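In the part that follows, the structures are each spelled out as C-alpha cells.
Look at the two complexes coming up: chain A is in both, with chain B in one and chain C in the other.
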Partner chain A sequence: MSDPSAPVATGMRRWIVGYLFVAPAVLLMGAGLIYPVVQGLLLSMQDWAVGTPMSTAEFIGADNYLRMLRDENVQESMWVTFKFGFFTITIEMTLGVALALLLEKPIRGASIFRTIFIMPLMISPVVVGLVWRYLFDARAGWINHYLELAGFEPLIWLGEPHLAFFAIVFTDIWQWTPFVFIIVIAGLQALPSEVLEASRIDGANTWQQIFLVKLPMIRSILIIALLLRLIDVFKGLEVMLILTEGGPGLATELLSLHVYKTAFDAQQLGYAAAISVLLLLIVFALSLAILLVSNPMKSRADV
Partner chain B sequence: MKSKCRNLGMVALAAALALTFSASTLMANPYEKYKGKTLVVSWPSNSHFKKAKQLVAEFTKETGIKVEIDYSQYLKMRNRQLLEMSKKDGDFDVVAWVVMWKGEYVAKGLLTPLSQFFTSPAFVDPNYDIEDIADAYIQNGGIVGGKKGYLPGKSGALYGLPFGAETSILAYRKDVFKKLGLAVPKTYADVRKAAKTIKEKTGMGGLTMRGKTGHQVTAAWLFHAAPMGARVFNDKWEPVFNSPAGVKTAEFLRETVKYGPRGIPSYSYGEASKAFLHGDAAMYIDSLKIAARARDPKQSKVVGKVGYALHPTDVQCGSETGGFAMGIPANSKNKEAAFLFIQWMTSKKADRRIVELGGDPIRISTLTDPVFSKKFPEYPVIAEQLKCADPDWRPLIPEWNELNIKVLGIALHQVLTSDKPIKPILDKAAKQARAVMKREGYYQWQSISSK
Partner chain C sequence: MRIESTKARLIFHYAGLIALSIICLTPIYIMISTSFKNEVVIFDGNPVWFFFFPTLQNYADIIGDAHFDRYLVNSVIVGVSATLITLTTGGMAAYALARMQFPGRQSIANGALLVRMIPPAVLAIPAFAVSIVLGIANQLSGLVFFYSALNLPFAIWLLYGFVKQVPIELEEAAIIDGATPWQVFTRVLFPVMKAGYAVTGIFVFRIAWNEFILALLLTDRTTRTLPVATSLFLTDSGPEWGRIMAMGTLIVIPPLVFTFFSARQIIAGMTAGAVKG
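On to the complex of A and B.
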C-alpha cells in the first residue's frame, strides 16, 4: 500500500482519511452539543417569556449577566451548591471507597450486599424525592415516628433550614454512594493479583496495601468517579424539587433548581439561560482544575 | 399526526356542511352544526375536573360533539397551555386556567373574548342566566382588563367562565370545641384564643396552615391578610405588604406555627389539609374543598365531626377567590363548538349535575337549594361567604408568580422559621418586589404624573 517514493501524498491522504473517520463523530457532537450551547448563549442575551413568539424577544446584550452578578439569590444559591457538593462528594467518595474495599474480598453474602447497595441507584430520582419526603414528613413520617419511640423530640426536617439541608445531603449520599461503590469495586477487581501478592510478600499490612498499592493504582478511576459526581451535583434538580422545592427560604435551592425556577416559575428564559451559562463555566473550570491536577488519560499513557 | 387527522375531518365536515347548507338554517338544534367535531380540552387533574368527566360524557351524548380531555397536574398545566397557545395551530380548543394566569394569557393575546359569542343569539342559551353565577367567581376567573388589570371595571372584558372555582371558609372540629366549651370563632381574636386553648389543653394543633417555602406560605399569608386589611400592593403598585397590617398578618402566621400541628413550615396544601383530616388540628381556614374530603371516609378520620362557618373577620370580612375558569384559546379552530361546550358545562342543569357527581358548584341557585344544603352543610355558608369574597386578595398580574415564589415565598418562610423581627424581613422583600415591578415598567407613569 504505502509507496516510499511519494511520502507527501500518503501523508496527505492519511490526513484526509483520518479526518473523514472522525467527521461523523464531530458532526454529531456539533449538532448535539455545540448547537444547544450556542443557542443557550444567544438566549442569555435576550429577554424572552414563554408564550410569546420568539421573534418578539428583545436583544439586551449583557444585561442579564450584569443583573446576575448583582443578584443576591444567585450568590446564595451558588453558595448552597458548593456547600452541598463539598459535603456530598466528600462523604460519598469516602463511603463508596470504604464499602468497595470491604466487599471486594469474597466474604459470605458479598453478592447480596452488592445488589442491595446498588439498588438506590436504580430508583428514579422523582421516586427518591417522594419516598424521602414521606420519610422526613414532620407529622406522619417514619423518621419522626422512630425518633419519638426512642424518646427524642420529633423534628421539622423539611421546614428548618439546617435540617432540610441535612435531609438533601443525606438523600443524595443514600442515592449516589452506590455509584462510587460500583465504579471503585470494578477498578479493584481489575487490579493484577501479582502486584498485590508481591506487596504482601514484601510485608505490607492491609492499610499499607490499601493506601500505597490499591488506591494509587485505581487513581484514574477515582478521578473519573469524582468528575462524574461533580458534574451531577451541578445538574442535580429532581430530588430537591420534590423534597423541598428549594426551601426553607433558599436553604436547599441548588443553582440548577434556581435556573429551573427562573425559567418556569418566573418565566424569564433569557435570564435563566444566563445563569445556566454561569453554571456551565463553573463546572468547566472545576473539571479542568481536577484534570490539571491529575489527568486519567495522561496517567494511562504513562503506564 | 393528530392534527392531520383533524384537518381531514374538518375537510370532510366542510364538504358535508356545504351539501347541507340550504338546510342548515332550518336546524332546530344549535349543536347540530358541530355534531361529530372533536374538542380538545386542557384540564387540571384535580378532583372537581376528574368528576366532571362523567358530565362531559353526558354533553357528548346530548350534543354529538366529542370531547378529548387532556389532564395534567395543575401547576404543570401553565407551561403546557402556553406552549400550545403560542403555536400557530394549537391543539387545545378549551383551556381551564388557575385564575392567577388569566392576566398573563390575555396580555400575551392567547385568549378569545367571549363577547364574540354572547353577541350572537345563535350561540346563547336563553336560559343560561349568567347573573346566577356567583359574582365573585366570574369577576375573579373570567373578567380581565378592568381596574388594576384583573379586577372588575369598565375597561374589563369577559374571557372565561368559572368552573371548579372556590372560596375559603372555616372548618372546625365540633367535638373538640364542644368538649372545651369554646364558641365557634367569628373573629381572628377568637381563632387565636381557641388555637392556644386547644393546644394547651389537649396537645392537639389549633389551626392548620400551609407553610412550605414558595407559593404555599404566601397563600397562607394572603388568606389571613384580606380580613386583616393587608395588601400586597397599593393602587400605585408600590409594595405595601410590609405595612403594619402586613406585619400583623405575618405575626399571626408565626403564632399559628406555635400552636398548630407539628411541621407547618413543611406543609403544602396536601399536608395542611391532611393534618386536619387526620385529626391533628382542630381548625382549618382555606379552600372550601375540605368539606367534600372530610365526608369521604377514605380520606378522613373526622367524618361527621366537622362544622363549617364563615372565614373569620378581623378589620373586615374577606375570603379568597380562586380555583379555575374555562376559556377558548385564540388559536383554536373550533371556537364556536368550544363556546357551546363551556356554556353547557356552566349551565344551571350541569351545575346541579356536577354537585351530584361530587364537584363544586358555581351558581347561587345551586348553593342555596334546600335539597343540597341538607346534604352539604357547607353550602349555605359558602353562599353567604361569597357575598364578601375579596377579588383583590392577591394581585393577579403576570409578575405575581415570580413575586409569589421568589420574593414573598422566601421572606415569609423566614418569618415562620426564625425569631427575627418581622418588619426588617418584609422590608427587604418589599425592596426586592419593587425592583421586579420597576423592571417590568410599572412605575413609568409616575415620572410623568409627578411633574
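On to the complex of A and C.
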C-alpha cells in the first residue's frame, strides 16, 4: 500500500492488463521449462526405451528411485561432485576474496582489467573444454612440454583418474575465480567509507579490519557467491563433457554429467530422469537458500 | 617516505592485476595463435608462443567445408531469434511485474527466480520428447523455443531492475494523456530503456550462442550450431587441433566483442543480484 510506484487505478480491468503482459513469458516458461520438468518426473517412474514412442513406456513406480539409492555409480558420481565442489569452491573463494582485498582500491585502468577478467566467463564452455583439452593433451599439449623442460616426466593428464580430476578442478578455477573476485570487489567498494574510517581511528590493524569489519559487512555477498558457485557445480557439465567425457572411469563424472551419460550413452531415459530429479531437488534447495538471503525482486520493490 | 610506500604499493597493485590478466588471457591467446599454425608446428611438441609463420590454412579448411556456412547461419538465426523473443516477452513481463498490481504477481516473480536454476541436464532428457510432441524436433525453431524459455527468467529479472530505474512520472503523464498500457510500454518505456535492453540482449544472445547440450540433442546434420559442429572435430581419428582452434576462435569473437564494448554493464548485471540484495 505504501509502495509509491503502485498504480492509482485498481479493479479487474487492471488485473487483466497485468495478466496479458505476463502471459507470453509465463506461457513460454511453462511450456519450455515446467512442462519438460513435469514430463521428466513422469518419465522417472517409467521404463522407456530409446526410439519407442513415450506412450509405450511401462509404468514401474518407484523402481528407478529404489535402484538409484543402491547404485554405486550414482554414489561415486555424488562423491566426485562433492570433492569437485569442495576443492573448486574453497580455492576459488579463498583466491577470489584474497585478491579482491589486495586489489580493492579504485585505480586508473581498473575497467580494462575487469574487462579482461570476465573473458573466461564469456566464452563458450565448449571452447573452454577444447582449449584445456589441448593444453593437457599428452602428445601435443603445452603443459607436458613445460613439465619435461623442468625435468619432470610427462604425464597422461586426462588418462589417469587423479590427474584428470586435477585437470577439471584446475580448469574450473581458471574460469571462475575471476567471477568471485569481481563480485567481492564490487561489494568491498560499496562499503561506506565512514565505517572503515571509524574502525581505523579505533585502532584496528589491517587484519582486524579485514576479519572484523570488511568480511562481516559483505557476508551476504560472500554467501551468495558461494551458493551460486555451488549451484554451478551441480549444473555444469559442458566443460567436463568436452574435456574428459567424465573419464577415465567415473573419475570426473559429476552428477549432471552422469545424468546425461545415463540418458544418452546408456540410453536409460527413465532411470536418468530419476537421477535428474535428485539433481533438481539439490539445486532447488540451494536456490531457496539464495532467495532467503536475498530476493532481488522483492527487496527492491519494498524499498 | 610515505610517497615511496604509496608508489611501491601502486606498482604492486598493477603488477598483481597484470599477472591476473595474463593468467586469464593466456589460454585464449594460445587458442587464437594455434588457429594460425600449420600442423607441423602444432604437432612438433615445442610450444611456439610468438614466432611462427602464420597460415590461414585452418580457416580455409573449415570455411571450405561445405557446411560451415550453414552452421554459422544456424547459430546466427537461433541466437538472434531467441534474443528477440526473450526481450519482447521478457520486457512485457518485467513491465507488468514492476508497475502493475494483480494477484499472483509475487508468485510469478518468485517462480521465475526458481525456474532459472533448472539444470540443463534435467531439461535435456525430456526436451527431445517434448520437442516431438510440439513438432519442433531437429528444427531450429526447437532450439529457439528452449533458449527463449531458458533465458526468460534471467532476462525478466534484469529488465525488472531497468524498469524500476525509470521515473514513474513519465508513465503517469502518458496515462493522463490517454495512452494505453501497450503504448506506455512501447513508446514511453522502450525509448528510455534501450541501454537496458541492449545489456539484457547481450546476456541472452551469448547464452544462446554458446549453448551446447540442448543443441547437441535437438539438432541434426542440417540444423547444427557452431559449438556442436566444433565438438564433432574431436571424435575423428585424433583431434585436428588447428581446425578446432580456428572454429573456437570464430565462436568466441561475438562474445569477446560484446565484452569489450559493454564490460561495465555486464559486470553490473552479474553483480546486481549479489551486491544490491
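In this text, the second predicted complex is superposed on the first by the 233 of 303 C-alpha atoms of A that agree within 3 Å, B and C clash if a C-alpha of one lies under 4 Å from a C-alpha of the other, contacts with A are read in each partner's own complex, and residues count from 1 in each chain.
Everything that follows uses one rule, which is that a contact is a pair of C-beta atoms (placed from the backbone, for glycine too) under 8 Å apart; a residue touches a chain by one contact, two chains touch by 3 or more.
Worth saying up front: this structure is predicted, and the values here are computed from it rather than measured.
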Partner chain in contact with A:195 - chain B first, chain C second, else both or neither: neither
First (chain B), second (chain C), both or neither touched by A:156: first
Partner chain in contact with A:266 - chain B first, chain C second, else both or neither: first
Partner chain(s) touched by A:139 [first = chain B, second = chain C, both, neither]: both
Which superposed partner A:36 touches (first chain B, second chain C, both, neither): second
Which superposed partner A:246 touches (first chain B, second chain C, both, neither): first
Comparing the two partners chain B and chain C, which touches a greater set of residues in chain A: C
Chain B versus chain C as contact partner of A:256, first or second or both or neither: second
On chain A, positions contacted by chain B and by chain C: 137, 139-140, 264
Chain C - residues contacting chain A, complex: 10, 13-14, 16-17, 20-21, 23-25, 27-28, 30-31, 34, 42-43, 45-47, 85, 88-90, 92-93, 95-103, 105-106, 108-110, 112-127, 129-130, 132, 134, 145-146, 148-150, 152-153, 156-157, 160-161, 164, 168, 181, 185, 206, 209-210, 212-213, 217, 227, 230-231, 234, 239, 241, 244-245, 248, 251-252, 255-256, 258-260, 263-264, 266-267, 270-277
Chain A residues within the chain B interface of the complex: 49-53, 73, 136-140, 144, 154, 156-161, 244-250, 261-262, 264-268
Chain A to chain C touching residues, read off their complex: 4-7, 10, 14-15, 17-19, 21-22, 24-26, 28-29, 31-37, 39-40, 43, 54, 99, 102-103, 105, 107, 109-111, 113-120, 122-128, 130-135, 137, 139-140, 142, 145-146, 174, 178-179, 181-183, 186-187, 190, 220-221, 224-225, 228, 231, 234-235, 237-238, 241-242, 256-257, 259-260, 263-264, 269, 272-273, 276-277, 279-280, 283-284, 286-288, 291, 293-301
Complex contacts: residues of chain B adjacent to chain A: 79, 82-83, 85-86, 104-105, 108, 110, 211-214, 261-267, 271, 274-275, 278, 280, 401-402, 405-406, 409-410, 413-414, 416-417
